[in-house]
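Two complexes are shown next, each including subunit A; its partner changes from subunit B in the first to subunit C in the second.
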Partner chain A sequence: MHEDANFAVEMINITKRFPGVTANDKINFQLKKGEIHALLGENGAGKSTLMKCLYGLYQHDEGQIFINGKKVEISSPNIAIKYGIGMVHQHFMLVPPFTVAENIVLGSEPTKNFMIDRKKTVEEVNSLSKQYGLNVDSQSAVQDISVGMQQRVEILKALYRGANILILDEPTAVLTPQEVDELIDIMKSLTDEGKSIIFITHKLKEVKAIADRVTVIRNGKLIDTVYTKDTTTNELAKMMVGREVILEVDKDKAEPGEVILEAADLYAKNNRGLTALNGCSFNVHKGEILGIAGVEGNGQSELTEVLTGLRKLEKGAVKLKGKNISSFSTRDIIENGVGHIPEDRQKRGLVLEFTIFENLILGNHYKFPYAKNGKMNYNKIKASARKLIKDFDIRTPSENVMAKSLSGGNQQKVILAREFARDPDLLLAAQPTRGVDVGAIEFIHSKLIEQRDAGKAVLLISLELDEILSLCDRIAVIYEGEIVDILEQEEATEEKLGLMMAGAENDKAKGDDTDGR
Partner chain B sequence: MLINNIISLLNTSLRMAAPLILAALGGVFSERSGVINIALEGIMLISAFMAMVGSYLTGNPWIGVLAAVFFGGLVAAVHAFVSIHLKANQVVSGTAINIFAAGVTSFMLRVMFESAGQSPSVTKVKDWTLPIINDIPILGDILGKHTPFVYISLILVVFSYWLLFKTPFGLRVRSVGEHPAAADSVGINVYKIRYIAVIMSGLFAGLAGASLSIGLLDLFVENMTSGRGFIALAAMIFGKWTPQGALLAALLFGFADALQMLAQTMGLSFIPRQFLLMAPYILTILALAGVIGSANPPAADGESYEKE
Partner chain C sequence: MADNDKIVAEKKEENRYYKWLASMIIPVLAVITGLLVGAIFMLAIGRDPVQAYIVLFNSAFGSLNGFAETLVNTTPLIFTGLAVAFAFRTGLFNIGGDGQFLIGYIASTWLGFFFQLPLFIHLPLALLGGMVAAGLWGGFAGLLKAKLGVHEVITTIMMNYIALYLVSYLTGGPLKASGFMPATPKIADTAKLMRLLPFGRLNAGFIVALVAAYIVYYILWRTTLGYEIRAVGLNPNAAEYGGIKAARNMILAMFISGCLAGLAGVTQSLGLEFRAYQPFGFIGYGFTGIAVALLGKNHPAGVVLGAFLFGILQRGSMLMQSIAGVPKEVIEIIQAIIILFVAAEYLFTLLSNRIKKYRKETSDVN
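Let's look at the complex of A and B:
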């Protein structure tokens, strides 16, 4: 009954369990030939898991898969590739020191006399790239090309292996708005060539712009599959989250005061010893949120680390409330009134093997009343933890559970609670909503605005343009370690920012207009 | 006089470099696939012993070479199993093999020959003489006549370079050492490639071991590797994980060794020999510290791979 050859893919009653979670619970999914089908759901909904089952990276516990009407068992990516399935992963699967061509042919290299046939490799890559309009530089090392090009390499990799069914896992997360437009064109031309595409996302706008149909999943369960043209973003949001969501952030006009943070001409190197910050300058005022927008890898991580004393400043000065803190240790910087929400909450934000109350006290652990004469006072610590858990709505059975057992959103709330409790003058939030659910995003946003209204200076570093546009009073664009320009919220549009993020700068006021007002 | 000294210096350098080249090539294969192999030292020692035993029992040193290579591969397979399959710490596994090797060879020496310290003399592999080249003055004196291990090591450098950088197998070995998940996602069997690479490193180290007991000498001496496995690792690092780099580094270290020997025979003491013996390690630390270019290991070197 399911043998309908109009479907490129049919997944029936797929269930996949991990220890403690059912990531996919009896999900049905059908991909028509030649369509672009969006798979929509919040972070952690189970989208990637479903597709990894299709690509043979995971084995589903229950259910059946049909490809072109034929029942199949996909026990490894090799078999998926044989059935014409290609997957572009959320985190690219490319070998950085290899050339583009080497990455594309890896695993199915053309040979001549036992050797890789370099000439043929490059020819095949170039002709594929021409056929689908996927412009790549086949002889460059992958580590030297842009993220957008890396993505095209991933798509070519799948096409080279003869993929007719393409799975793109959150392909737009790393792209500028202009690159997203390019990707949409690429996807359209691929379907014109007869390919079928599954496009995973948690962004509603993209679904409307790209997809023919959309399947929504929530908490591992199928909600519905609908035609995009028959629905609205609000309806989709409701299906995705399970309740009405307010997509707009509600805030009053900022009332900025004096300068709290002054970053003057910062230079720093990255882990590979290359220049990461290249004369970066800006100010953050009391009572405002300054956003740093940019494509990943343009110095954002290094900037956060320099400001918090975790990375060496090569040149320039960081001033906090007029005091030069460039050479301060991290502890001194914190004690001078800086709160830090790090970009990688599992690596820098929390000790995952510690309990929540231990995590909540980190950084204050040596202070009275939590410690006295070198001895911890756990009654005080736990009492304070219980209060923070309540104030910040951290969903946990108690303060005694391990941080690692919390969901991403609740882990982030633990960090927020700890940093806000210190009552800092400057709050440095790096990607505060990365990988958390909509409920937590709303909460974190409202808390950041609350801080601003309480007269704090907030520096928000984010890769999500929507977040930057809705929260920030002023927006600085970082490109190759430099602030290209700083815009007022009113003058900033997605398009303007996108162009600046891609380095197409408008030459206006570079460096000398750090204040933008 | 001077020219003779220089010739003998270069000749000795090559002879001393051969075991280092062979073991370093082994290191290159293992680490390029993402498995740290500090067991090279122990594998060499066991192989040196087995080479002697093979030659002793059959009177044919080439049987000794085969035995050395076989046992080299076998011990490496144990390291591969522990590191790849059981996902144990690779340095700990290697160290355990090194300690085991020192113990088992001393023990077997006693059991088989009832002697401590060294084995009786056995037939060693006969030197090869290169036609034509041997007749060229100077060059012939340096290169013309050597134990076969010298020539084998040079040929294997070329072969290894070809295998690693020209063939699909080499590309896959390198991909597995840099980004195993990426290799996995295009259907490359990460475990299989790593097994092959680590066992290959054992074959190379086996040859290196044989070159000590039935190439340089004609008997097994307790602990006769005396750190050469580690110097070979140093050569691999100094040579930036490439066969050609490892060759140059091994030649340099062989030269330091030859210089030290020459100074000793001539009774020269302007540089204490200990300093020359230290040279490989100092150069390696400098290389690691980034003084002489940067030395970046394969990105996934030492990490066991967990399939999703």
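Let's look at the complex of A and C:
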């Protein structure tokens, strides 16, 4: 019987199996009271599975869980909440038209005569928010507040339900660097008030900045639990991946040539009919990687779609090698030398129920030698597929395998192989490394630089600032559908970009503009 | 991890072969269950199921004539089954089979009796003319879907009624032959599909159906059009990304689907009836075609087999009624059970995919 009450949570020998995989293999995990504990691992390592066992979303097959020294069976989130465990999911679960206060009390509303006691609701939420320095406006609608604020609402939701142990699932993925700093302050003040925090992440820098201790999981197995002050990011990376990782991208100075892509004053609407691109302008040169940095939802998706003919351009002009392609169809744009790695590989990039060889010709499928007079030549198609599988190190037994049975990294390599095989003059890479393992990230990065060094133009749209900072020769920051500014790699810092991404520089720049005129 | 990927993928590939076998299991089980439930109903009304099923079996396999007649019953179902399957591959649901049937029926008949031409021109003209007319009828629904976003289920159902009353009017008025019977004049001999046997009604229409099944297979898996159609059907977003125009493929797919359903009507006239009778309602080939496509898993070979099964049941039901005294509604119950089970399998796979996806998403989040 464990009676060690120093631990808020103790998980012993947790094993969780899914058909065909062991997601957690005898994992031990201990959360001390009042500490911030990072759970580090690659995509699919088993971090979330472990936390879902703790939160009652999954039932572990073997092992035991102790909360404050007492053995517990957590069969549902309701029971987890009863034990004081709260979870903030990566994707928020809020009702957008409801106010902050309404969202926080949802499910456990204070009532008076069978009616919601609104006054009490607001009072309770305000005092809670004040206690932890969260500063939320309890009366505004969730749809009107920033993503960072929405995250605080989620944290308050957990606290309102009496959580003493908070699980934060990739909390920084949606935040600007400044918002991340604020989140760190909030987490610190929470632990000062006696709360214990587990945060799930795959970002090494954050672990160093936030956590007291870190537990590393790889392939469902516990690697180690260490004090962050006793370790380095390189060591952590090695533990996470299982081998030496080159964190720095090695590349020479760019030798930009003439302009390949000219985006002039682009306007476009999003799916809801609201303005998404609001006068967006930039150029991409031969032999350079231009990065587009920004917080998710500032027009990046629409920009990619406009450039590839998948979305209607309301106003403005797109010129490719001097030719106006604004009204070209997607096929014509491809024909004119544009390759596109789409941000959502499963939705856009692949037909999952197609085989690898069928996916490798998507967009080229009507061209010789793959087809002639409308008849497919599957011998040629398969031969070329086998070559691409080899060249791009796609891990598969054969070209006849369905795309859906490949891992995320290998799916991305299929797309990469296809787009590179076109030998495009302009490569549009939207979030090319999202959700792929570190090995594949290194590979994709080196391929992008290879493309640049071969004298092609590369436009990289990414939410990962690290990726942008290490790969790009010039960095454009997009905010609310506009390019705020374009910086050279040398002058760009995380802090500078962060401010611009949050729109701060934007207002200042505009002010300067009008002053100058 | 990489090796792991490889093993998993290898297993998946092996699976493809017995997956194909496994794909046969559910339809076969569905048929057996259907027959068993049918037997229970027969027992309940005091009839002998064994005798009834012997009659059913003999109706199709007891004599050459019976077998040939079964193929006659099978022919239109192959066409409408292919029509539904083809549209479905593009992600469209063609419920307009009955309307397209009628358009093919009347157009080929008109071409058959209006012209006097040598056989080698007249027959192809009537055959292809009727087919294309039905194709345009179906393609129009595709056009409305592609250009205006009107759902094809609504338009094809409504166009069924337009076709019904149009053909009803034509056969009762402008195209009516003299006499009391509400029907068109007989078509010229040069427009008739030749009989395949010295007796019975089996005609070249059956051959046309088998050829159509092969052509559908060829289009889907051997041409760029088929590649595009399947891509649009499986993932329209990815197809669009690959420069494939979904709208164009939808119109084309509905045109081809209409052509296929129309051929059912064409062979009905040129191979069996040699004139167009005024319809009193839908014969229901279009609807049965949905069941056939479902049973055949939208694959041309499966459609041919499914159509054959329904052909046996339809012909057998008449004989079961007259010889074994089993009401033909029992056969309808059997058909319904088969469809139910096959559809339930779709529901089952849909559900298990959802669960898999959910699991994947939740474990992906880390």
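One rule holds for everything that comes next: the second predicted complex is superposed on the first by the 504 of 517 C-alpha atoms of A that agree within 3 Å, B and C clash if a C-alpha of one lies under 4 Å from a C-alpha of the other, contacts with A are read in each partner's own complex, and residues count from 1 in each chain.
Here, a contact is a pair of C-beta atoms (placed from the backbone, for glycine too) under 8 Å apart; a residue touches a chain by one contact, two chains touch by 3 or more.
Since we're looking at a predicted model, the values are computed, not measured.
Within the superposed three-chain model, A:200 lies in touch with subunit C and out of touch with subunit B [touch as defined at top]. Touch criterion not met for A:384: it reaches neither subunit B nor subunit C.
When the two complexes are overlaid, the chain among subunit B and subunit C that reaches more residues of subunit A is C. Contacts of A:334 after superposition on the shared chain: subunit C is touched, whereas subunit B is not.
By the document's definition of touching, of the two partners only subunit B reaches A:93; subunit C does not.
Shared-chain residue A:52: touches subunit B and subunit C both.
Legend: residue contacts after superposition of the two complexes on their common chain; A:396 is shown touching subunit C, with no touch to subunit B.
Of the two partner chains placed by the overlay, only subunit B lies in contact with A:115; subunit C stays clear of it. Contact with neither subunit B nor subunit C is seen for A:301 once the two complexes are overlaid on the shared chain. By the touch criterion stated above, A:102 is placed in contact with subunit B alone, subunit C being left untouched. In the superposition on chain A, the residues of subunit A contacting both subunit B and subunit C are 52, 57, 89. Residues of subunit A that touch subunit C in their complex: 18, 20, 23, 41, 43-49, 51-52, 57, 89-90, 169-170, 200, 219, 308, 310, 329-334, 340, 342, 347-354, 358, 362-363, 365-366, 371, 374-376, 378, 395-398, 400-402, 405-408, 410, 435, 437. Across the complex, subunit A is touched by residues 162, 166-168, 171-172, 174-175, 178-179, 181-188, 294, 299, 308 of subunit B.
On the subunit A side of its complex with subunit B, the touching residues are 52, 57-58, 76-78, 81, 87, 89, 93-98, 102-103, 106-109, 111, 114-116, 157, 161, 273.
The touching residues of subunit C, counted against subunit A in their complex, run 1-2, 5-6, 8-10, 12-13, 16, 222-228, 230-231, 234-235, 237-245, 359, 362-366.
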